[in-house]
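Common to both upcoming complexes is chain A, partnered first by chain B, then by chain C.
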Partner chain A sequence: MILEVENLSHVYDFGTPFARHAIKNINFSLKANEFVGIIGHTGSGKSTLVQHLNALIKPSGGRILLADEDIHADKTKLKSVRQRVGLVFQYPEHQLFEVNIYKDVCFGPLNMGLEPDEVALRAKEALQLVGLSEELYNKSPFELSGGQRRRAAIAGVLAMHPDILILDEPTAGLDPAGRDAILSQIAKMQKAVGNTVVLVSHNMEEISRLVDRILVMSAGEIFFSGTPAEVFSDTEKLTAAGLAPPPIAILMSELRACGFNIPSGIFTVDAAAEVLTSLKRSEKREKGAEQ
Partner chain B sequence: MRKIVIGQYYPATSIIHSLDPRIKLGGTVFFIVTLFTVNEWGAYAVAISALASVIALSKVPPKFMFRGLRTMFFILVFTASLNIFLTPGENVLVEWFIFRITSEGVSQAARIGLRLITLVTASTVMTLTTTPIQLTDAIESLLSPLKKIRVPVHEIAMMMTIALRFIPTLMEEVDKIMKAQMARGADFDTGGLVKRAKSLLPLLIPLFISAFRRADELAQAMDARCYRGDVGRTKMKIMRFARRDFIACVIAIIYAVALTALNNFL
Partner chain C sequence: MEIIFNTESLSFEYISHDEKKEQKTLALNDINVSITQGEFVSILGHNGSGKSTLARHLNALLLPTAGTLWVKGMDTKNAQNTWQIRQTSGMVFQNPDNQLVATIVEEDVAFGPENLGVPSAEIRQRVDWALSSVGMSKYADVGPHQLSGGQKQRIAIAGVLAMRPDCIILDEPTAMLDPRGRKEVMQTVLELNRNQGITVILITHFMEEAVLTDRVIVMDAGLVVMDDTPRNIFKEVDRMKKLGLDVPAVTALAHQLRNNNIELPDDILTIEEFITYFKP
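Right after this comes the complex of A and B.
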């Protein structure tokens, strides 16, 4: 258990007519080396929740334990909390500020007070990880495409070597190829380094392929959670949470309703193809046996 | 964050909220002017009870009214003490060293203090019940005679409206960028002056970039909708005097008459 969230709740603009209960009764924990997905409709509180995890927002109620220590217990340790829990914001490309992306990636490690050699090493490694080649290091953020800027911003957090990496919709607004590239790099890195990754996303399909566990948020609460197979086969609950289940999951549950013998937990095209072909084969076999 | 932003507006449905913003703006100015003519305690009582009735009608919780006073506190204390010590008079209450407090001084200080409090509260009531956009609309409308002498009233009002519209957006942006840089270990509030100024760069640069981007996009969007300034432009929300606005005017006149009477003839 490297991170535990207990009874977390947050009210924005408390004590004003604009007060708003953004999240409430949040309980969950993250294990080392786990890949967790968070999904939920727009405004369900995903971004608010993840900003609590690295102490950027103070909870209105409840607490967050990082390695059994309340992250707000010691103010002088906030910086170290933010280094151990790395957060990549929604649309992070807007935060680039340096003259070139290499320098921008160095910002985090420099703030940690690392030696220049170590900083350079980490920056290069992080840029490589997100797939930015060396010719681009000296380019200004203005000269890059949106996707390249996004990668540079992600590298800026990776270079801090967080134990827990949180990505808030890292692929929003990218083309499918760029999306797959970024996600597969992250998955590869997670396997190689063995850190914990939390991925916030609207895209069920991309989440289903990568994560071990999914938290479904709705109206500021964790509505339900489970493995991708459990979550995506429960099309009713997903719909109740204001989410569209993956199309394949809908197809499978309709076929099941028509009397076909289809196991639950099928939500990718590949798995569906496998099940359907085996179904067809067994049907043929039965027919052959009848004749 | 957002609370600073929306200014002071307190959303509610009340007769005061739905009054024409021109009436509210004109009425507030009128009320403040009348306050300066007031000198008698009876007239103060009328002015304060008039203000209290408006507050009651506005359905805004009274605690919001006095928020504006907090920032005024120093000026209030300063003015009152000047008056206490510097008003000449006969009835000396306390005398010590070069200081002497007279009963005239105390009474004068109380009156000035009361006047200041009433004045600030009156303008607070207006901003609490009128959105900034309504207010600029009212200013544009009230200043429109100046168009005759070529004052670009519409353009000034449009600039004010746009600026007001983008304050919340920019505040949100500041909040977001600040958090994002803090997530990368940035430190905005420790260190010496030079270090602090330097630490603002990671905040200011993205902020300016996005402000310019937004300005550019807004200009294009306005262009695409054929905005070309004041001439021939119609309004979506036309300000029209309703019956309640005439009633408000009548009440204001009665109030002024009562005040003058109390001031001069009692």
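Right after this comes the complex of A and C.
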């Protein structure tokens, strides 16, 4: 276990009449090399949860163990916690501030006190991982497209070589092509670097293709969890959690209700096409046999 | 029906400066479209295709560098028309937090008409009507920070409504919302279009939203490349993919099944239609 969360809870505005539980009774752990998705409606506590994981927010109750050590045990170690757990915020491109993207990506490693050679190496490697080519290094963030800017911002976190990379809604506001580009880069990078990645999203399809395991949050708690196949075929529970199940999962469950024999765990276009094709073909064969 | 927007060879070019050179980009290239009062039009296109640039022309935030755009017969290049054009159509943007200005919902909605110098009794009326049109009357006296993203967008829409526009232009209004908020906003906009006859222009990346509109305009590299009903647009699965766009999941599935020689119509858009045709 690289990271363990035990009975984590957080109360905003504690001690005032506005006090409310943002998250409560959260228990889960992350293994090395694992790719985990967190989904949930707005206000379900996703962002509050991930901001705890790199010690940006202090828990009101419970604790977080990073490699068996409570991250809040020693205040002087918080900086190292934040380097080991890299968090890419929502709309990270708003945080680019340097004159060009190369310098921006160098900022993190420089701050870690690394040698200039190592910084350059890491910056180039990170920019390559997110698919930004060398011609763009000297461009101002203002000259890049939204998707490119966002990738530059992600590279800035990657260059710190975090053991755990957390991405909070990395594709919000991007077009389908930009969405696919970012996600396939993230997947490629996860394979190449082998770190642990946590992806927060409310886009079901994108999460389903990438992750090993999904945590579904609702009203500040982990409502249920499982493999993508388990989670996405449970259209009822997803709806109860305020989420829209993937359209294909809904279609499959409705076809099942019409008497079609369709196995569970189908929620992508490709998988559905395969199942429905063989279904129709055997239907045809039976008809042929009857005649 | 009266034509509300009408363009003739509308082009827009901007110049980006570099240390060494100037680079010209043609963001809109010879656009000819007309939109009728009461239509619900969605505009699709990947980032940088010119969607938002076109939308910003519709209420004279940007002016054509060549060609002409008329809003209810008014040329946007004529500065005397600007004020009236901006009252014809209101815009709602992606981020709800950037659009709300007051500390109380009803004050925020009143901001527009106050600025127009509307008498206060009428402001009261307009605010009440606008809030009830978006289903937010209950929240008239709460602070915007206490609302969800979907609710905030509905307040932004109410703020535009209070100006009594003929048209609402929404630039990816649901991009930052969760599925529930997205549904709320789409429902609100659909009702405004159906019940009040307000023209709606919706820029979106969600194909499932475009399915709900009357007409889809697809843009690519500053050009209008397709302009038709959602049904006719989305059956062009391969072409849409080439343009960097998606089609609804059910349409994509039907397309794959057709490629596997399974008989299905090529223009399926919804789950209900799929089931109807799939059943033997």
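Here is the rule we go by: the second predicted complex is superposed on the first by the 291 of 291 C-alpha atoms of A that agree within 3 Å, B and C clash if a C-alpha of one lies under 4 Å from a C-alpha of the other, contacts with A are read in each partner's own complex, and residues count from 1 in each chain.
By definition in this document, a contact is a pair of C-beta atoms (placed from the backbone, for glycine too) under 8 Å apart; a residue touches a chain by one contact, two chains touch by 3 or more.
None of these values were measured; they are calculated from a predicted model.
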Message = A:Gln51 in the overlay: touching chain B, chain C, both, or neither? Say first, second, both or neither.
response = first
Message = On the A-aligned overlay, A:Phe89 touches which partner chain: chain B = first, chain C = second, or both, or neither?
response = first
Ask   = So, A:Phe107: does it touch chain B (first), chain C (second), both, or neither?
value = first
Request  = Please work out whether A:Ala32 is in contact with chain B alone, chain C alone, both, or neither, and reply first, second, both or neither.
outcome  = neither
Task = Would you sort A:Glu283 into first (chain B), second (chain C), both or neither based on which partner it touches?
result = second
Task = Tell me which partner A:Lys79 touches in the superposition: chain B (first), chain C (second), both or neither.
result = first
Query = With the two structures laid over each other on chain A, which partner does A:Met1 touch: chain B (first), chain C (second), both, or neither?
reply = neither
Key: Footprint of chain A on chain C - complex, ascending   = 16, 18, 45-48, 94, 148-150, 172, 175-181, 183, 205, 208, 244-246, 248-250, 252-253, 256-257, 260, 262, 271, 274-275, 278-280
Message = Looking at the complex, which residues from chain B come into contact with chain A?
response = 1-3, 6, 10-11, 176-177, 179-187, 201-202, 205-206, 209-210
Key: Complex contacts: residues of chain A adjacent to chain B   = 12-13, 16-18, 51, 54, 56, 79, 82-83, 86-87, 89, 92, 94-97, 107-108, 111-112, 156-157, 160
Query = Within the complex, which stretch of chain A touches chain C?
reply = 41-43, 143, 145-147, 172-178, 202, 205, 242-244, 246-248, 250-251, 254-255, 258, 269-270, 272-273, 276-277, 280, 283
